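We call the chains A, B, C and D, going by the order they appear; numbering starts again at 1 in every chain.
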């Protein structure tokens, strides 16, 4: 069984107004393999996946399934053919339960009546396969971003497809969940399915994949080649189109005597946090690490007034504060918050990029009568677009038309443009490609070097180790410990994992 | 921030040369073409359509008023809200003008200011309630509609005999019947087709065009409408923007009420009774999204004009009431479908040229 | 019992075409008369036939009936100017808003068109039309209330159902009914005036049903001075088994059948036929400059009649007589023809 | 109201169904209905609880419930149906004319009416999907067309004298429970079952809740839009049948006052304009609330102007008061704090 070509495409073309998103892409998926699909942000990976699953109809090229040419006119046809998918953006029905979302494509039913009982078992099974423990009756709107991502994956598992396309499934997962997912992927491959894996984390790619296709500007520059033949740098070179030179970041020191900009002193929240103490000093990057659902995002949301603080004290610039809204946080205390939920809270999908980026600086640009010069505005936006390498057809393009990674860049760009005194960054590099991630890191680093205190939440341990001065580890809404970062990935990750496991030890 | 990242060399050149849709993809242009095409059609079928005094003047006067109504709705839609009380806010505003003229004998301009102030005030109350409570604008403005409906008719029945303020201040009759040709002589300055009352519409459009096109507040209004959560997290005072939008909506509604009153003769309670549907129709036809975040001031004018022209044309053709509405609906659908085809074709063209 | 306003004037039926010298239309072929009601309403339907009959009788260029104003003053204004653009040169108008219609009349007059206010007169003392030919709205309501009081045996509790509260005509109707009740000297009590229920039949039916459920036992008479409430009242009173007497207004087929069946005790009919017939004729005379109005803005009563089961078969005769009399009145007293 | 959709505090997720209901719009409406009804009963010294009063009260609930449900179905896929009143009026007039002028038997006329309404709903849906023009505009155009058609059918007269059986159905009230009201309740129950239990119903909701996600899961949003308008048409057809049955006759005014109530019932009942949510019970209860106002108006012989003013002020007052009260509760009790404004337009 292994080795037969399941799905093959040649010369695929997909055109959007202003861009050729796919410009002659070839791909061959064989049974029993895990296939990496790589490329920079905006290279066309998601578009390719959408074409393969009948979301977009191709403007040219051929698609064959088991040797026969097929036309996939709708997602339903693709599912019926045997192609399952997890799209890059989370696509769940907010009001439906976890179980119903998982079984949405093919709900267990009896004479047209949905069978809710019969829904639970397969949903729980799919979740269990991923090692997730979620109440299947909970509406998904109540889940955290990462939990929703897991539900998405469970939903794809439910369809039991021959070809499973995963578009950045691990972007908001922590290593533990990722590892479980890999086990599932390997199991599927062993069963004779083909899994396509899109990720910007090359370590992951090398860990789980055996063949690779690299896209650049909508063209496949490397087609279905064994991954073992290539090195990290090869691949990056292919993606970027040149050698990838890593620059050293300039050293940075933290003045430990300065008054901390943000202090949490034994804070507890209505969300269930207890005894949270934390300090962030000027020029310091404090990492807040934890597994999915540990309550990190919730904690900062509580600090920003989106949830109630029930005990302890929050001090900003030395004085105790009571923040009631993110806006107050921004305007009175200069706290900027880059949300992890870019689709709902980060970008304005139906608005032009220029507005998305400059929203935080209009106040500064405004002249008499609140007049904002369109040119200055464009200059600011263009500057950031260039600096972050955001791939756009024009500043007037709607943010919703950008590739996922580019949206993430837009979401961060507006905070880089703003003048804040404290920046809280939640999962900044989700879905961002290698090169830009590097650029992001440099930016964050330099912001701190210039004296900005930064609280960084990330599930990407490598990122933590690269950037943070101290790593605070949180599980289950409690702080388990604090580690001084010595920038040695292996040592640090070991210590962090141990801290997390201590909790488990305590528990059992 | 001293980092410099070398511009990625893989990105094609056009990236910085901002790519824009060609002008003919624009929806406003489609509407304009439709309005012109229909005018020409009716003009050919009934040459009287181009009669400046008897046809165009009243048509434009109507369009002028309804455009302001639609703008009032557009402003509420811009923050993703609705104003179901447009008509009643118009009546409420107009009542104050009438009261001023009838009881206080104020000059026309003062009455107009009273009217606008009243409209803005009631809009502000509405906006404050919505922003403060977070209850759907639909419910709040609907309740406001009822409250004003009751209040306005109570006021009129207690203050007047036949439910109307009939005093005409000096100047208001000129507003009603003067065209550009009456204000200054000669063909250069104006045709008898353009009503003087349209000055308010032009002013409102210019002001809103400036607000939404050039200012910070306008942009913030739009973003509040596009995604309130993201707007709040981006530091936009969404509550204040909502308040502002409803205040403006009330103000414009009151202006429309004044224009309607000046256009028909007296200040009465039934002003604005029929404002609600045209207000949505004009705005939505013009390209304003019901979901918020996108407005078009010019589109609103064109949308209103389209409906006005169709109606006028059918009137001129002598279509009776038994067919009028049928034709009106059909022509509207056909015209829009034609525009839709144009949009699809032009989209294909852009795609092909890429 | 109450007397019809035309009771004295016999019952000669012929719509006399030749009365008073000089008031015979010489050549009306250039005259195009537009009859513009406020909107679609059963009351105006006779205008349509009467208008086209008048066109034939007097050989007019055209008579149009256009109800597309849809009860909106601005729409009506637009409609009138459109009609002018289409070549109509004389206008018989039922103003949507009695307080605004003078401005409209003045506009039309300033363009040289003769204008008649038909069916209702402008509010206030001024009338910018050439003449107003209508039933006194207040009087009709007064008569209806009088008829109700008579049917109730001059005592009991009366309810008044009517339309849009903030309409000048509604205010007149309310006054008319109140006046009749006052004249009863306290023996008849006006329980309630329910306004704003003419918007649609279901609203009217609901309001009347609720009223009967809450106060049905007290009510002995209902005056409905708007169409939908009248239809609804007749039905509800019958189905609820109440003894209340229902007095309606106008003579739409539905109401006449109610009179015949006894669900409606009486109705006050006006004279829309006469308004259209005489109005068209007089407008033609004015348009051809054959005649002028002696005192512009004069108001003429077109008559109103109480119709009961007893006279339902023959009331139209009386109305025709009134029409003929009107014509004479116009020729003799209202117009000067030279 | 919209915060209910956003977050429910932490704490126990299981077994919270009751608590969720207690906090829901429907529960609040239920309280209002019960309190209002009892208050009216006391004010009328009991006569309001008597058979005939109950019958009249329920009789006129059929239309608001049915049109509210019809609008709710359209809202649940994120559409608006402005043609509710026009379609209802047209269908009622069509049935009336068929029976009175053409002697069509009542049964046939009712079936023709239902089919016509459904077919027009279908056509509207197809037009929206086919032309990709905003549903708002399309239904506005169908509304205009249908208004014209209704006038053309009946002119200014009132069509009456049709089938006795149908009229009897319209006025029959065994045990003082009007059959038309029962019809509306049955329709509501069926609709609820359809929406909560059937695959087709879940598809409608999925398409409304997140159109893109639904599409990616193989649900054709286009088909759901068509289905929603068709179903909406059918419900309006039922409303038209009950109206034709209980009215003394049909004329061009029928349906003229349906538009706003059709929106008010579901939205007061807790349905979001943005789609994806339904509230059958809420809609029914909201119709009860508005009906209570009618009853109060008759009971206390209120001037409609005062009624309007009071309704407006009371609603505004409750809205403001309720929210402020809630904020205070939050300050002291176990729920969460400030809530981000909800995404989605025209709220």
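Of note:
In the analysis below, contacts are C-beta pairs under 8 Å (C-beta built on N, C-alpha and C of every residue); 3 or more make two chains touch, one makes a residue touch a chain.
Please read all numbers here as calculations on a predicted model, not as lab measurements.
Each step here moves to a touching chain, and the least such steps from chain A to chain D number 1. Interface comparison, B-D against B-C: more C-beta pairs in contact at B-D.
The most distant chain from chain A, with centres taken as the mean of CA atoms, is C. Mean C-alpha position of chain B lies 29 Å from that of chain D.
The geometric centre of chain B is 37 Å away from that of chain C, both derived from CA atoms.
Separating the centre of chain A from that of chain C, both taken as means of CA atoms, is a distance of 74 Å. Averaging C-alpha coordinates per chain places the centre of chain A 42 Å away from that of chain B.
Among the residues of chain D, those in touch with two or more other chains are 151, 155, 304-305, 339-340, 343.
Shown for chain C are the residues that touch two or more other chains, namely 40, 165.
Shown for chain B are the residues that touch two or more other chains, namely 153, 157, 227, 229-233, 238, 289, 291, 293, 321, 324.
Interchain contacts (touch definition given at top) occur between A-B, A-D, B-C, B-D, C-D. Within the complex formed with chain A, the residues of chain D that make contact are 5-10, 13-14, 197-200, 202, 205-206, 209-210, 212-220, 276-277, 330, 334-340, 343. Contacts from chain A toward chain B in the complex involve residues 15-20, 40, 59, 216-217, 240-242, 325-327, 330-331, 337, 339, 344-351, 355, 359-360, 362-363, 365-366, 369-372, 374, 382, 386-389, 391-397, 414, 416, 418, 435, 439, 442-443, 446-447, 450.
Residues of chain B touching chain C in their complex: 46, 48-49, 51, 54-55, 57-59, 62, 65, 152-153, 156-157, 161-164, 166, 173, 176-177, 260, 263-266, 268-270, 273-274, 312, 315-316, 318-321, 324. By the touch criterion stated above, chain A contacts chain D in their complex at residues 53, 55, 74-76, 79, 85, 87, 91-96, 100, 104-105, 107, 109, 112-114, 135, 137-138, 141-142, 155, 270-272, 302, 305-308, 324-326, 344-345.
Against chain B, the residues of chain D that register as touching in their complex are 1-3, 80, 82, 127, 131-134, 136-138, 140-149, 151-152, 155, 260, 263-264, 267-268, 272-274, 304-313, 315-316, 319-320, 322-324, 339-347.
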